[in-house]
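Quick one: the structure is below, and I'll ask about it shortly.
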Amino acid sequence: MEALRDGRINVDEASERLRFLPYEDIGFARVDHQRYLRRGFPEVIYCPGKTSGQVVAIFGRLAASGGVVLATRADEETYEAVRAEHPGVEYHREAKAIVLRGEPEKEPFGCVVVASAGTADMPVAEEAALTAELIGSRVERLYDVGVAGIHRLFDNWDKLSQARVIVVVAGMEGALASVIGGLAVCPVVAVPTSVGYGANLGGIAPLLTMLNSCASGVAVVNIDNGYGAGYMAALINRAGEGAKQ
Amino acid sequence: MEALRDGRINVDEASERLRFLPYEDIGFARVDHQRYLRRGFPEVIYCPGKTSGQVVAIFGRLAASGGVVLATRADEETYEAVRAEHPGVEYHREAKAIVLRGEPEKEPFGCVVVASAGTADMPVAEEAALTAELIGSRVERLYDVGVAGIHRLFDNWDKLSQARVIVVVAGMEGALASVIGGLAVCPVVAVPTSVGYGANLGGIAPLLTMLNSCASGVAVVNIDNGYGAGYMAALINRAGEGAKQ
Amino acid sequence: MEALRDGRINVDEASERLRFLPYEDIGFARVDHQRYLRRGFPEVIYCPGKTSGQVVAIFGRLAASGGVVLATRADEETYEAVRAEHPGVEYHREAKAIVLRGEPEKEPFGCVVVASAGTADMPVAEEAALTAELIGSRVERLYDVGVAGIHRLFDNWDKLSQARVIVVVAGMEGALASVIGGLAVCPVVAVPTSVGYGANLGGIAPLLTMLNSCASGVAVVNIDNGYGAGYMAALINRAGEGAKQ
Amino acid sequence: MEALRDGRINVDEASERLRFLPYEDIGFARVDHQRYLRRGFPEVIYCPGKTSGQVVAIFGRLAASGGVVLATRADEETYEAVRAEHPGVEYHREAKAIVLRGEPEKEPFGCVVVASAGTADMPVAEEAALTAELIGSRVERLYDVGVAGIHRLFDNWDKLSQARVIVVVAGMEGALASVIGGLAVCPVVAVPTSVGYGANLGGIAPLLTMLNSCASGVAVVNIDNGYGAGYMAALINRAGEGAKQ
Amino acid sequence: MEALRDGRINVDEASERLRFLPYEDIGFARVDHQRYLRRGFPEVIYCPGKTSGQVVAIFGRLAASGGVVLATRADEETYEAVRAEHPGVEYHREAKAIVLRGEPEKEPFGCVVVASAGTADMPVAEEAALTAELIGSRVERLYDVGVAGIHRLFDNWDKLSQARVIVVVAGMEGALASVIGGLAVCPVVAVPTSVGYGANLGGIAPLLTMLNSCASGVAVVNIDNGYGAGYMAALINRAGEGAKQ
Amino acid sequence: MEALRDGRINVDEASERLRFLPYEDIGFARVDHQRYLRRGFPEVIYCPGKTSGQVVAIFGRLAASGGVVLATRADEETYEAVRAEHPGVEYHREAKAIVLRGEPEKEPFGCVVVASAGTADMPVAEEAALTAELIGSRVERLYDVGVAGIHRLFDNWDKLSQARVIVVVAGMEGALASVIGGLAVCPVVAVPTSVGYGANLGGIAPLLTMLNSCASGVAVVNIDNGYGAGYMAALINRAGEGAKQ
Amino acid sequence: MEALRDGRINVDEASERLRFLPYEDIGFARVDHQRYLRRGFPEVIYCPGKTSGQVVAIFGRLAASGGVVLATRADEETYEAVRAEHPGVEYHREAKAIVLRGEPEKEPFGCVVVASAGTADMPVAEEAALTAELIGSRVERLYDVGVAGIHRLFDNWDKLSQARVIVVVAGMEGALASVIGGLAVCPVVAVPTSVGYGANLGGIAPLLTMLNSCASGVAVVNIDNGYGAGYMAALINRAGEGAKQ
Amino acid sequence: MEALRDGRINVDEASERLRFLPYEDIGFARVDHQRYLRRGFPEVIYCPGKTSGQVVAIFGRLAASGGVVLATRADEETYEAVRAEHPGVEYHREAKAIVLRGEPEKEPFGCVVVASAGTADMPVAEEAALTAELIGSRVERLYDVGVAGIHRLFDNWDKLSQARVIVVVAGMEGALASVIGGLAVCPVVAVPTSVGYGANLGGIAPLLTMLNSCASGVAVVNIDNGYGAGYMAALINRAGEGAKQ
């Protein structure tokens, strides 16, 4: 890929080479070792809908190829099954994530701020923060700064102003994204959560709020998708980093 | 009704009396003169779906009974038709409202603040302000103070802190209701508007935002229902006034 | 805040002072002692999505600052956990609310009527009534007066006519809000409930009914949001009270 | 069909006979003369989506077979086109219906009451009333008796108590169906209308209200479907009539 | 009410009398003995959302006033609780209904056909059939005659042609209502069920199908509302009966 | 592609070749001449959202490459603009389609039946029929055979039983797809139309009906997508044809 | 049916014969032996909403008539109940299907490819594959080839290019159907799955994606309806086969 | 703000200063000159819902403060009104944008690729491209590369691989975002458009597709929000640029 980026080979040649890179067909899954090459990060394992056995098998193949492995929305039982095979894994209970740290990690770069509106939004916020950290970002957490007590937000303005990108995690009506988006000078990645009830509609309300934000520079990921927000934030953070070199 | 409130007659007796109060059956409408007695304000005429002729006829009956007459969402043509019969009417173009002021007006009481997020929300905000004024309230207008430039809101904090009730009018994502609701010490009546596009869904987005507001003390009326918000605000304002005596 | 209201300090000065008022950062929550000052009522703890441990910790901080503490939608287990630390708390089983009464309570003021349509709406109605009482309001309960047997409503008209504000709690199709709203002379706060099935859509049907009410003077809170309705009603009731002085 | 009902022939025989009854294939439509036999009423022509020419052609075939012909939602232009061919037709402007009365009409039977909530609901109410009349029912109209002024309804209770079936036509929130349904002793056919705005959602709000009615004995037809309600009401009214014989 | 219908008393007088009829206030419910008088059938107890204790208490009051008592959507536990107090009750397991038969029953009158599309629709169909029977109707059941094997429907045409009213119960796409509605000569009450998955949306799909039926003479009740359909059908059936006398 | 299908070249080789096949970049569009090779049919031009000028330009490039050219949902003005450049084009007014027939056409193969429920569904049905014909299929039209008069359908059973694939076009509630699907022995492609009003929701109602069809062997395309249904039907019809050889 | 297809008997005669074919009325179900004759495949038993006892009873009747029997969405308990009566049945755990293979099976014909996007889509994909196989089709499985690693799809292009019809099974956003649809030369049957969360809305997101596919030649079945897709694919595959003879 | 970023002043000091920065109250709008300072770009004027006169007035104030002025969704009439006052403005007809270029522009930095699926998506794509250019970004346009002819996308892979951020604009089903997102190594900002019909639901379908994208590194803005996407992309692009220095 570096050769490609340097212009030493063209995209057809690169595509030819990629075509012969191994991926493993293990019946119920095609484990994609190329993704690390293409995107700089291995395939994440989204656990719901997969049996513990399937998660363990995919985890094993990815671990064998080196690099960081991340399994999201993993329950305790899945964690135990993975740990039986990989004693070195960590379990982040709040984020419900299993992590295998591969190589010695580099110094974290840039600055991603993860801000959340309420205590119940923490699992999603933690998933975002953890994901961004695993891709190498330095992460600042700023939790429970929702709009109902807006002075808590302003008191932490210094943290927000240092960010290269801000992840805003909010349920209920999700207004926090607009307030931060209206003040910040960097891109904002907004994550609606399913925290709420009634006309919250399982997170549809904050999703619509964030999509209609009157503030510019806000883009949105799926409801409760902490992983996706952390990944997007890390890419943006890295864009800055890459350009610096 | 005063007799009723004073306990001089009971509700059965009052109900008997009401039963014989005249209302006029003009074929396509039953003009309700009792409403003035029951609610302290005449029936408003909601114009869409009625012909100009029907509006003029109902307007005439209400005007004959004295008191203020208000016709909402009236286009120019309807206004011209009404003016032909009632030269003294005013037309509030921004609010699309026809008004006939009846008796000499009293000194306005209390304080209703009407705050709106953007320039395009003005017609709804004006309908709310006008309605509250017609019921006797003193109204302060605070327009274009949306969340995208939140300092404009804070600079007008003195106005907000004097309110007995605040009407918040906002389209797009409607976050202004949560921000004001989180700071204010009085009740907030929130009006979502259909200003916006795409995932705004004709005002559903700010409606959901306002219903899910993480701030307490916020209640919501229908999309674009400036009249309803102004009426509700005036009732709340009057509750304070009435109690004062 | 009184200084602010009296005009002795301006909003900038007040905002400066507020900035230094303590709130406590306990990691997963920023406990907001200012809210009592700003809104006249401490932060309520909405329990779903928080662990028992988190509720106990936040409860403790709020209790330490004096005043009333209210935890809503608390199950028995959470109650037991809180009681272990605060033996003086009450548990309102019907309303699923934990209450710690702080100071000796004042005489209740004004009159809030809470009317509900059916027996199954009682938990929401009780949450509303309890909340309004905790903020100091006198509350009258009027339960099971739904539209299917409308004479039960008319027989209790005397109660309704004394209200300074009426909270209407109804599921199914929620028509009770329109009927009461059409008759009452005071503001109505309507609460749709999720009681019903099929095309009730988890409370969306009565929510839409109430938002579209043909009666004026009706505003709406979120589905099953008894707390929000009680809070709004108490603010309105207090507006009257404050003005009286 | 009478032979079938009398048991003189079985359904197979009847079905054989029906199979050879003529219907006319005019290319874009198959005009169904059997419907008169099967249902006691000719095919109604629903005009939207058909050209004037198509309406005229179908109208002609139905007129040729005798009996009443009804074209609904017909604009003036379509009416003019039909009148050019059939000078005897009536145009009911409010109901937007073209009618050709065939045979000398019988004495109307039974009693259908059509009640509507507001002036803007009249076109739908008129379509219902006209349809029921054309099938032979005696119809009482009771318009503008919505819930916002509920005493107007009670004053007309004598009309409602004489009905064999009541059609309730209401837009906005549609609460009138529940109020009448809770009081009436006969079946109620409820018609939501698209009168309203915002969270009315083009009639979805009153539709949901009516489907969730806490009153028993209420069934619902499509939004603005005055024709369908009038037809259903006439069938119910006739069921009584038929039984009488 | 007969006096009212006969014109011997006017509606005001009747309303006065009704006003003094007892209903019992048992705290969480106002048991409505007038309903029997007004509608000819006692209040049904809809069990979900009520505790067993509440159901038993309401059941007791209704039983004390004589007449049939019906509790719908009752689980086994509630049944056992009711039976402990009222040993004579029946439990209809398929329909999930508890029934107490009061007076010696009269000869069933007229003919209600209940047709259902699939085996899984039976609980709703049984609730409809049982309700209609309890109000005195003769009921014919015609189950599992869905559109996927339409000849099963045609083979039972003789049953359908004898009906004074047909209840059609169908989930999935609900097309059975249109097919029967297009052939029948009597009113059709359609009940969508929540049988299905995916784009069935919990019964919304057959609900929309039935509301949009191209056949005339079809009206609809709420999803899974067998009780409501049976009640409506019995009223229609009785309309015929009443007229016969 | 034939070489590919015969196995003479592998997919990589084919993909290499395809990579160099010309497509034309005309700024606002990349005209795809490969599509004819890949799918056996040129790119169709969907006109809405394109200016007349853009349609004419794309039409010209496709015409230059030979073969049939089809522009759907074209208004008269667009047709006139195209005809000015290509005098040989046909305009199918009912289907709103512009057609340029290229090579001498082959004998049509197989049998596609296009059945529609009502007269207003004809434009969509015609678009489907025309599309299938242009790809070479023999098409039988069977219009206005909706469920409200189901005997019209049975009388045309011979046509339906000869089909290799049936396209069912229906608006309102769309039940026709289930009825035909339950009887037919061949695949059914169902097209919901936006014909209807109110709870039809612009075609959502028949779309859901068709997706939930209790009949097997039914698949669905987008609302009003006559082109897509005709294309799908032609592919199925050709699958049979291809296999025959 | 062959006689019918050969034209030896007309449809009336056939319909007469069908009318006397036995179906069995077992109270809660009418077992339809004609379906095998009409559609070439016995009635499938959809298990949800049926008791184990009902499934066993229907299974028994179908088994008695010979031919393949298929019960879908069957849990282990139902399988055990069926196996107790029919020891020869297979249980396909992944597809949750019970199968009784009747006659010695013929050589599978044609080629159906079933492609799925992710591991969690496998149960639906297996249901589709199994269904198509039971109707006699040769099936190729191609699992976990989703768009996130699109090269996995291109590497299996040879399989896709041999298909007579392709079933595409995808959850999340369902884009795989468009990618395959844009490349394939045969019909594509798309199955959205409920795999996903948040704005996936239980499969509505991929359903909409597939219905709006910009690729031609794609038709859609209900969410998670693997059976329906396999059935449709087998009919298309057989159309080819039949034509070959 | 630079002082703030350099740490020379703290956020409280900055906030104090901002508080006194002028904004102009012109009655219907509060023109926010601070936004340029806070966000690096002046307030954009969103024209719908504003009169031409209002647009001209706001445009004038912004122009007076120097810097670029952008008015989006402006029709010809508004353009003419603005040009009368500001002869130097440009009108970008495709993007419907009015632009006043202020200072001599700097060399564009970085690389934003704007890719669109079809010709009808061009107005939104142009709005995005223009916005990003006005903030200083170098922009590459890649139009009409939708999934239906996916080879057009691969042929332009070199452009995509040079991007620092990619904006993907797509209507219909919006699958292009997933395909590009699965291949790209940089962040993707996805814009659904309202291009489509029927189950497209005015852009809801591609919106859901993009939110549920199985590819990581994709975030979404509102339907048709080209401006928002261009703004977000420019911020990301600049993050890279800023870091480089």
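Quick notes
Per-chain numbering from 1; labels A, B, C, D, E, F, G and H assigned in written order.
As a convention for this text, a contact is a pair of C-beta atoms (placed from the backbone, for glycine too) under 8 Å apart; a residue touches a chain by one contact, two chains touch by 3 or more.
This structure is a prediction, so every number in the text was calculated from the model and none was measured.
Considering every other chain in turn, the ones in contact with both subunit F and subunit G prove to be E, H. The interface at F-G recurs elsewhere; of C-D, A-C or A-H, the pair that shares more than half of its residue-numbered contact pairs is A-H. Between subunit A and subunit G the centroid-to-centroid distance comes to 37 Å (mean Cα coordinates, whole Å).
Averaged Cα coordinates give subunit C a centre that lies 53 Å from the centre of subunit G. Counting only residues that touch two or more partner chains, subunit H has 19, 118, 148-149, 154, 183, 198-200, 204, 207, 211-212, 216, 222-223.
Taken in their complex, subunit F has these residues touching subunit H: 18-19, 23, 27-30, 32, 34-35, 43, 46, 48-50, 54, 58, 192, 194, 202-204, 207, 222-225.
Listed in rising order, the residues of subunit B touching subunit A in the complex are 117-118, 146-150, 172-175, 178-179, 181-183, 196, 198-201, 204-206, 208-216. Those residues of subunit G that touch subunit F in the complex are listed here as 1, 4-5, 10-11, 15, 38-41, 44, 110, 154, 157-158, 161, 164-165, 183, 185-187, 189, 207, 211-212, 216-222, 227-229, 231-232, 235-237, 239-244.
Note for the complex: subunit G touches subunit A at residues 118-120, 122, 143-145, 148-149, 151-152, 154-155, 195, 197-200.
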